[in-house]
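Each of the two complexes below includes chain A, the first together with chain B, the second together with chain C.
And then the complex of A and B:
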């Protein structure tokens, strides 16, 4: 019983990390109707920039002199995530905007390509970037209870994910900008007609999406204790699957999707004999089944296409 | 919200992703045939093959330097009636590249012998080429057991121990001396990991009462081992055998500590003996990890000092690495055979296979499949953030206790 419970906690942790990237995918898809495939690499970029801020620039140690550790952690994460938001804006300007109003396949390919470029650039220019880097442990360690695996860090990761989703919910539903994002995502033409500045909404979405991906990258690297330059491709793929299973375009669906994929992976590797090597295969197979038989996702609404 | 075409595209995409994960880790080999005749000629060339670029370049370049050093020393000694020239070829850790440079080597009639490879899949691809050309190949760093076999004898010989020969002393040590009987295996899905799993299973079987209770395969590049470790924790084993390389090993150890399994022994072979392991796992988590590495440490070897001095004097920038001494001995074995029978491919094949050479690593001779019988190895344990020879550690003297000691 305790084994099942601790495996469930493993799955929830993994699911949280997938969800955050899934949310990024869904946000972009909802507003722009395009799949931004470099999301995983962007998240890992955040993890690398936080590593750089802490171990190369020495910001954490400097901040710690003046502030309590908790606050300096928050500041560093916000700095890293903001950098990532700016990167996302730059990516939008460089590789997505030029393909506006063209086939949706073009930005798909250009973002895949820029993901590869980003990954390789980290590998080349980060000092010893091709070797795995130990991620600075900014979250408190230590176990809360010996039973199962409830540690401070895991608790913080879960709470941070929930908090982020709650804030996103409030932002999208209660603020004017959030409502305009919704309006654009539902019907771009109508939104433009009622006087919404469409360009501005898109820019804000990318900034916001980049920020969320940045925090996602921080949380995932904290959970793994290590960052690799090529981690983003698999991480992005899993996040994309989370978004598809949950229903592309639906932010809350991404959470459900992330958890579903994580549960399948963890339980296949824990309870199927010799299943560890096939955990990812099982997860991807489930995604294929979803796309075939329930393409709108777990909680995405079914839309009828009008001719 | 999704259009039909998008759905189709996504299905294709996901299937591709699926296929990719399935085939990841599989290597491919290629075969080649080359006609050749042994001819006499005045320049004698010896080919060196290894990863000189790419992720394993450090291993290949260090071994190449040691190899060159040995040949230069032989040329300088003036005991040979001809000069030997080293042709160094880059296999880039890639079987395809390896096969094509091997073709190039055997096509040159002046090349009378070769030494090669750190990666076993690359050796697998080039062995048929050397065999059919009748060129002797002395392997200096690839450790898959099947590379030396009856079919490949006498063309293929190997100066370094195989994985099996690495696992043997480790099993003897932890099962017989430490009395740990119940084992969980974690290995990666590469052939390196798979043959480690096999070797360890076979070793454990030899000891009455010892058993392997679980085997888990992980992917290289995987970051999350908590599901596997939670399972192993519940199985209550005496130790975890890790048959993979540095990074995954370090993460496994780190996550073991996180899951409250600090008091469980973890052992491995040469793939994890690296300072990076301790750095990533953390000094405290790594404490008491046991691993074996083939060979005695250079400082303990007779002639080790002279080798190190000569290497420094030759002005190589890169360290000679774990397999440098093997490449050095491989080169000297080829030189010794050349002294005996001269530059003739056919005669060299037999001369190398039957050689008994007293070199840097001790006396090397080859058994009936061409595998070295010189398998000295050292047990290491992590003590205060360093890999320490077991015999001089505080664990042996009883000052400290290994994880899980009763």
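And then the complex of A and C:
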């Protein structure tokens, strides 16, 4: 029983990290109707920039002199995530905007290519970037309780995700900009007609999405304790799967999707004999089945194409 | 009358000259160092763009179409002589062999990506299926590689049908995710299956043999000793010609037309009486069969295969080739694959930067010239009449 519970908590943690990337995918898809495939690599870029800030610049140690450790962690994570937001804006200008009204294949390919480029740039220019880097211990690691091995870190990852989603909910539903984002994702033309500055909304969405991806990258790196330059491709793929399972464009669906994928992955590797090697295979198979038989996702409206 | 004959002759000379020119450009790109290769390519692209601006390229296209035979003969002779031209440099021959293998896969991928507009991110899985089928049959069961090619073809075509099923129900992003997921599943299955060598791959795959002559032995013709790659070069060249012939026949058939119709608008195509299930699965299975043959060739050429040869990155590279050459254009796809293979090999000195270069090349092509080197052509249907007047029915396909 305790094993099942601890695996469940493990799955929830993993699911949280997947859902953050899924949320990023869904946000971008909502406003632009495109899939930004480099999201996973952008998230891992955040993990690397946080590692650089802590181990190379020594920001954490410096901040710790003046502030309590918890606060300096928050500051560093926000710094890393903001960097990622800016990176996402740059990517939007460079590889997404040129393909605005072109066939859907082109932004897909260009973002895949920029994901590869980003990954390789990290591998080439980060000191010893091709080797796994130890991720700095910014979250307290002590056990909260012996039962089911809940550590502080697990709890913080889950709480941070919940907090972020709650903030996102408030932002999207209570602020004017958030409402414009919703309006654009529901119907771009109508939104432009009622006087919403569409370009501005897109920029803000990409900044916001980049920020969320950055936090996702921080959490996933904390979960594994190491970051590798090529982690982003798998992480991004799982995040995309989460978004699709939840219904592409639906932010809350992405959370359900992320949890579903993480549960399958964790439980297959824990309870199926010899399943560790096939955990990802099982998760992807589920996604393929989902797309084939319920393409609108867990939460999502069925769309019927009109001629 | 004489005037007309003269015009005919000059057009046929033009076709021959263009064909020879393309061969020379490829040859120079192959033998010279990287900067010259890039310079030659830039000039080539500049010529194409200039031709498009001035409309001269239409004349060339027309001449090439009219005198296809001459142009192909020139290219064929050039290919036959190539091993002598590079004077038995086995590395350069290796590059050309790999280019030929990739061309075959790219031609197959083009059926899905170019003709039908179905995103397929799993060509490397088809390629791997062919390679692993043929290699396992040869290494574990001692079956002749010639039979292995056929088995590889069938297995890949079968996998193509399986991978094609999602394309019946979804398209666009969903289809791309499905094919990416299937590609990743394929790679993971190979890594985790010990019987297929797992992460160690399959070493010691035998080469081809014909009437007791092993393809791994140097070839001796006219008192010249050519490296063993020459044998494979001729084999790959033969199969590539067959593949190109099949691809252009398909393009000109009703199947090719149906593929283009689906690319334009699926619903309209269905209402025109096109059997979507059949035609879409055909695109996947035929394309996969091409890749399967290429995979079998590759396995028996390099004698070692591992999972890295068939992963998602390889799929991206293959997509890059089709895009660079020009979607739905047989000559363009072959040209793109050969050029990209050559550039890739030149970049071997900067192994660390290879994937980065690929990514940048892909982005630059997408932004600067999304239609590829040789863009897809409008379909022309001509009804010949006796009085030589004729009337043209020009059908525009793929005017995106």
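Criterion: the second predicted complex is superposed on the first by the 307 of 307 C-alpha atoms of A that agree within 3 Å, B and C clash if a C-alpha of one lies under 4 Å from a C-alpha of the other, contacts with A are read in each partner's own complex, and residues count from 1 in each chain.
Rule of thumb we're sticking to: a residue touches a chain if its C-beta (ideal position, glycine included) is under 8 Å from a C-beta of that chain, and two chains touch if they have at least 3 such contacts.
This structure is a prediction, so every number in the text was calculated from the model and none was measured.
Novice: Identify whether chain B and chain C fit side by side or clash on chain A in the overlaid structures.
Specialist: Pair status: clash.
Novice: Now for A:224: first (chain B), second (chain C), both, or neither, which partner does it touch?
Specialist: first
Novice: Considering only the touch criterion stated at the top, classify A:295 as touching first (chain B), second (chain C), both, or neither.
Specialist: A:295 sits against chain B and chain C alike.
Novice: Examine A:56 and indicate which partner it touches, taking first as chain B and second as chain C; both and neither are also allowed.
Specialist: Touch partners of A:56: none, neither chain B nor chain C.
Novice: Touch check for A:244: first (chain B), second (chain C), both, or neither?
Specialist: In the superposition, A:244 contacts both chain B and chain C.
Novice: Please work out whether A:281 is in contact with chain B alone, chain C alone, both, or neither, and reply first, second, both or neither.
Specialist: In the superposition, A:281 contacts both chain B and chain C.
Novice: Looking at A:109 after the superposition, I want to know if it touches chain B, chain C, both of them or none. Which is it: first, second, both, neither?
Specialist: In the superposition, A:109 contacts chain C only.
Novice: Regarding the shared-chain residue A:132, is it in contact with chain B (first), chain C (second), both, or neither?
Specialist: first
Novice: For A:71, using the defined touch cut-off, is the partner it touches chain B, chain C, both, or neither? Pick first, second, both or neither.
Specialist: neither
Novice: Using the superposition described at the top, determine whether chain B or chain C touches more residues of chain A.
Specialist: Here the partner covering more residues of chain A is B.
Novice: With both complexes overlaid on chain A, does A:120 touch chain B (first), chain C (second), both or neither?
Specialist: A:120 contacts chain C only, not chain B.
Novice: Which residues form the common part of the chain A surface touched by chain B and by chain C?
Specialist: Shared contact residues on chain A (touching chain B in one complex, chain C in the other): 104-105, 237, 241, 244, 248, 277, 280-281, 284-285, 287-288, 291-292, 295, 305.
Novice: What residues on chain A touch chain C, complex-wise?
Specialist: For this pair, the touching residues of chain A are 35, 95, 98-99, 102-106, 108-110, 112-117, 119-121, 123-124, 233, 237, 240-241, 244, 248, 277-278, 280-281, 284-285, 287-288, 291-292, 295, 305, 307.
Novice: Quick one: which bits of chain B touch chain A in the complex? Just the residue numbers, please.
Specialist: Those in contact with chain A are residues 1-3, 6-7, 9-11, 14-15, 17-18, 21-22, 55, 189, 215-219, 221, 223-224, 226-228, 230-231, 234, 247, 251, 254, 258-260, 276, 279-280.
Novice: Would you tell me which residues of chain A are touching chain B in their complex?
Specialist: Residues 2-3, 6-7, 10-11, 13-14, 104-105, 130-132, 134, 141, 143, 146, 149, 151, 223-226, 228, 230-231, 234, 237, 241, 244, 247-249, 265-267, 269-270, 274, 276-277, 279-281, 284-285, 287-288, 291-292, 295-296, 300-301, 303, 305.
Novice: Along chain C, where are the residues that touch chain A in the complex?
Specialist: The touching residues are 117, 119, 165-166, 169-170, 172-174, 176-178, 180-182, 184-185, 188-189, 191-192, 267-268, 312-313, 316, 319, 323, 352-353, 355-356, 358-360, 362-363, 366-367, 370, 400.
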